[in-house]
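So, here's a batch of structures to check.
What follows is chain A paired twice: with chain B in the first complex and chain C in the second.
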Partner chain A sequence: MALTINNLSKQFAGFAALNDISFSVKEGEFIALLGPSGSGKTTLLRMLAGLDYPDKGTIDFKGQNYLSLPVKERKIGMVFQSYALFRHMTVAKNIAFGLEMRGKNKPKREEINETITRLLKLVQLEGFEKRYPAQLSGGQRQRVALARALAINPSLLLLDEPFGALDAMVRKELRRWLRHIHDETGLTTIFVTHDQEEALDLADRIVLLEGGKIAQYDTADKIINHPKSEFVFDFVGSGNAADADIKGEIASINGCEFPVVNLTNFSGRQKVKFRNYDALISNEEKGIKAQLTGIFASTGFLRFEAIDNGGHHLEIIIPERNFDHSLKVGDRVGILPQKAYLF
Partner chain B sequence: MRRKSAKSPQNIADYTLILFAFFWMALIIFLPLASVLFNAFKGGVSKYLETFADPDAMDALKLTLLVTAIVLPLNIVFGIASAWAITRFEFVGKTILLSIIDLPFSLSPVISGLVWVLMFGAQGWFGEFLQAHDIDVIYALPGIVLATLLVTLPFVARELIPLMDDNGTDEEVAAVTLGASGWDVFFRITLPNIKWALLYGVLLCMARAMGEFGAVSVVSGHIRGLTNTLPLHIEVAYNEYNTIGAFGAATILVGLAFVTLAIKTILEWRYADELSAQHRH
Partner chain C sequence: MPAEISSQDGFIAPKAFRRTRVIPGFTMSLGITIFFVSVIVIIPLLALLMRPWENGFSGFIDTLFDKRVFAALKISFLCSLLAALVNLFVGVLIAWVLVRYDFPGKKLVDAFIDMPFALPTAVSGIALSAIYAPNGWIGGFFDDFGIKIAYSPIGIFIALVFIGLPFIVRSVQPVLSELEAEVEEAAETLGASPLQTFNHVILPAIMPALLSGFSLAFARGMGEYGSVIFIAGNIPYVSEIAPLLIVVKLEEYDYAGAASVGIGMLMISFAILFALNLTQRYFAKKGL
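And now, the complex of A and B:
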């Protein structure tokens, strides 16, 4: 294990920002710290960087006690949501800054210049040496910020909501590109985000935080298909709730039987949850009886809104090619869950 | 060059407004300044030049420059330190500190002088102690410096606080993660980012330090050749019907104001590229 975090806790004015956090990261792994605001993800990242300290717990990086090392000795490359580029310096000087700060171990001028050229090539900004940050777009600035962080040859790369200030298109593009750079450099990387799509798409494993505690630490596949709690289920996607009769791993609603991932020992009538894509719509009187209140087209699928007899809203998405074109708004339908969860 | 939303004037109303601005400037600023020059040269160039041969006037000029030279560095240090404290930390009493920094703006200069007399004058709190140890504060250089210091205290801090607040701490934190020491962070990141605001603050502070009349008048005692600053000297000369002497000395103050303005303009022109590059967001 490259990074091991044990029992990390931190109180801020009476409330627990971090509550007994423990997890470990393998060398070269790409980890996302995911959670809603106030879940403690940024606090955790700042502790790794040495900008904040826990009340309790340890951080061990490759056998070193990180908490005893000051910021500058941790060799961390950090990227901020606000880019935090030095506005009075050119792109080249920004990138060189970490090397200039080495005092007696400062590399020779030619070496620094080589590093600048190499990194600008890596972040695809060749020829931008003499520009000032204000003359760059948001995406370009964040790429310079990454080059600056990589210049000191860090042993750990930390990114704090790196794409938070960018628009959707640039976000997606930079996301793939960051993953590419990670795979090329093999650098152990930890990034903070509140965007579950970004985390699921990008990270090898995800630390999903809830109120300062780890809700689940798993791969994207496990988090999507085997959520450990209702919070995890709700945070990573949308879903519906319904009452069903539970018998072990099988649930049934009004003649419709479907498998249920049962995380409890309950049986009998229980509230289950199912994903909006884990259901079919039938015109038979089976499953959840409901009335269609809306049909919306999207790229490749259709989204249905319905209301059940108890007045609860339901949302179902179905691939366009599987769509039964006879369905209309106002129709009485049966919604048939295909897979559900009992928390 | 931050925003180019201004257009050229189009109709009579636009031109009237521009004309009015010029007219008002001429009336309020240019005319009085012209009268200074007019009165100073009323008796001819040689009479005017006699001002510079007057030892009292020259002593007053020297004292004014000396006081400014003492007050300026102190205000720079205080201004940066307080702006740093206020924008970089959360602490109890922050709002109180902010209001106290502003106080000299709303305080009458006479009060700013009088408080020092009440503290260090013969009848003041520390009067006896000072007399016993033979230390002159009031009617001497230290009193003039203290009065000027109080009046000019907000200038540097007030320029820096909004800017440093706006800039935030991210750049400084980034520098720390890249291995910069506290010293490096200040001189390579913080200072370059605030240097223009600092310069404006310094120029404003300088102009006020050289021109302060009220507060200095209370503590100075108007001793010719000793505690008369240039503004005080002008008043004395004017009261003695030495119009040419008074307006001659006034041209020196006006000259210093123009030098200050010129420095600012030249620096802005010289670094125009850098300025616009940094501000365009």
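And now, the complex of A and C:
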């Protein structure tokens, strides 16, 4: 294990920002700290960087007690949401900053120039050496910030909502590219995000935080298909709730039978949850009886909104090519869950 | 159905299509600008330039390099420069504290910074001489050690520090608060020491504001009259400031002499502002 965090806790004016956090990260792993705002993810990242200090707990990085090291000795590459570039410096000088500040151990001029060229190539900004941050787009600035963080040859790369301030298209592009850079450098990387899609898409493993505690620490696949709690289920995707009769591993609603994942010792009538894509719509009187209140087009999918007899809203998405074109808003339908979760 | 817009000849865009600005009429607003700058600034300055030639150019030079005038200009110049330099450090420190820290009474301290701006200068003058005079609190303390603050250049210097402080604080403060704490944190994670962070990250960022605050404080110090004359004691060759000499000359009906001193001061102020502009341009080129 490269990084081991044990029993980390931090109180802010009476409320627990972090509550007994423990997890470990393997060398070269790409980890996402995911959670709603106020879940403590940024606090945790800042502690790793040394910009915040826990009340209790330990952080161990490759046998070093990180908490005993000041920020500048931790050799951390940190990327901020606001880019935090030095406005009065050119791109090249921004990137070289960490090397220039080394005093007596400052590398030779040619070495610094070689690093700048290499990193600009890595972040695909060749020819931008002489530009100032004000002359760059948001995505370009964040790439410069990453190059600057990589220049000091860090042992750990930390990113605090790196794409938070960018628009959707650039976000998606930079996301893939960040993963590419990670795979190329092999750096242990931890990044904070509140966007579950970004975390699921990018990270090897995800630390999902809820109110300062770890709700689940798993791979994307595990988090999506085996959520440990209702919070995890709700946070990583949308779903619906319904009452079903549970018997063994099978649930049934009005003649529609479907398996229940992560079943424990429940039986009888229970509330189950199912994903909006884990259901079919039929015009038979089966499953959850509901009335369609809206049909919306999306890319490749159609999204149906319905309301059941109890007045609960349901949302189902179905691939466009499987769409039964006879369905109209106002129709009475049966919603057939295919797979459900019980918490 | 939306109205069709044709590009045919004779098409006049409806009014809503024409660009308007909040303040109407380029010609009118420019006219008012030029008129005001002329009447309020340029014409009086020109009038000043016309004055001192009654005794010819040599008369002007004689007045300017008259021992008493020259001493007064020198005192004014040195005291303002020194006061502005001290304010440079103290002002940055105060702005820093006000931007980066929260403490009880912060708003009050912030409001008090403007006092030298708001107070009538004569009131400041009386207040300052009251405490710095040999029988005042602070003046009395130093008097025991044989140091005279009031009625000496030190008194002038203190009055000018008082007057110049808000110029530096108020020009640096907004720039500092715009500089996110994350920028400093970034420098720290990159291995910079606090001193390196200040020198390489913060100082360059506030430099233009600092320069303009400095030159404003300096120029204001050169011309400051009300708050200085009470504490200065106005001893010729020792603690007499240039603006006071203008008043003295006017009282002696020596209008040409007064204007000559005025032009001397004008040249110094102009040189300061010019130097400032050059440095600012230098920094602008560096992308600040």
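Quick notes on this one:
Please note the rule applied: the second predicted complex is superposed on the first by the 340 of 343 C-alpha atoms of A that agree within 3 Å, B and C clash if a C-alpha of one lies under 4 Å from a C-alpha of the other, contacts with A are read in each partner's own complex, and residues count from 1 in each chain.
The working rule: a residue touches a chain if its C-beta (ideal position, glycine included) is under 8 Å from a C-beta of that chain, and two chains touch if they have at least 3 such contacts.
This is a predicted model, so every value here is computed, not measured.
Chain B and chain C, once both complexes are superposed via chain A, clash.
By the touch criterion defined above, A:A84 reaches both chain B and chain C.
Applying the stated contact rule after C-alpha superposition, one finds that A:I31 touches neither chain B nor chain C. In the overlay built on the shared chain, the residue A:I152 is in contact with chain B and with chain C.
In the superposed model, A:L3 lies in contact with neither chain B nor chain C.
Within the superposed three-chain model, A:L51 lies in touch with chain B and with chain C [touch as defined at top].
Comparing the two complexes, residues 49-51, 71-72, 76-78, 80, 82, 84-88, 97-98, 101-102, 132, 134, 145, 148-149, 152 of chain A contact chain B in one case and chain C in the other.
Here chain C touches chain A in the complex through residues 180, 182-183, 185-193, 196, 200-201, 204-205, 286-288, going by the rule given at the top.
The part of chain A that touches chain B in the complex is made up of residues 49-51, 71-72, 76-78, 80, 82, 84-88, 97-98, 101-102, 132, 134-135, 145, 148-149, 152.
Only residues 168, 170-171, 173-181, 184, 188-189, 192-193, 274, 277-281 of chain B touch chain A when the two sit together in their complex.
Within the complex, the chain A residues that touch chain C are 49-51, 71-72, 74-78, 80, 82, 84-90, 97-98, 100-102, 132, 134, 145, 148-149, 151-152.
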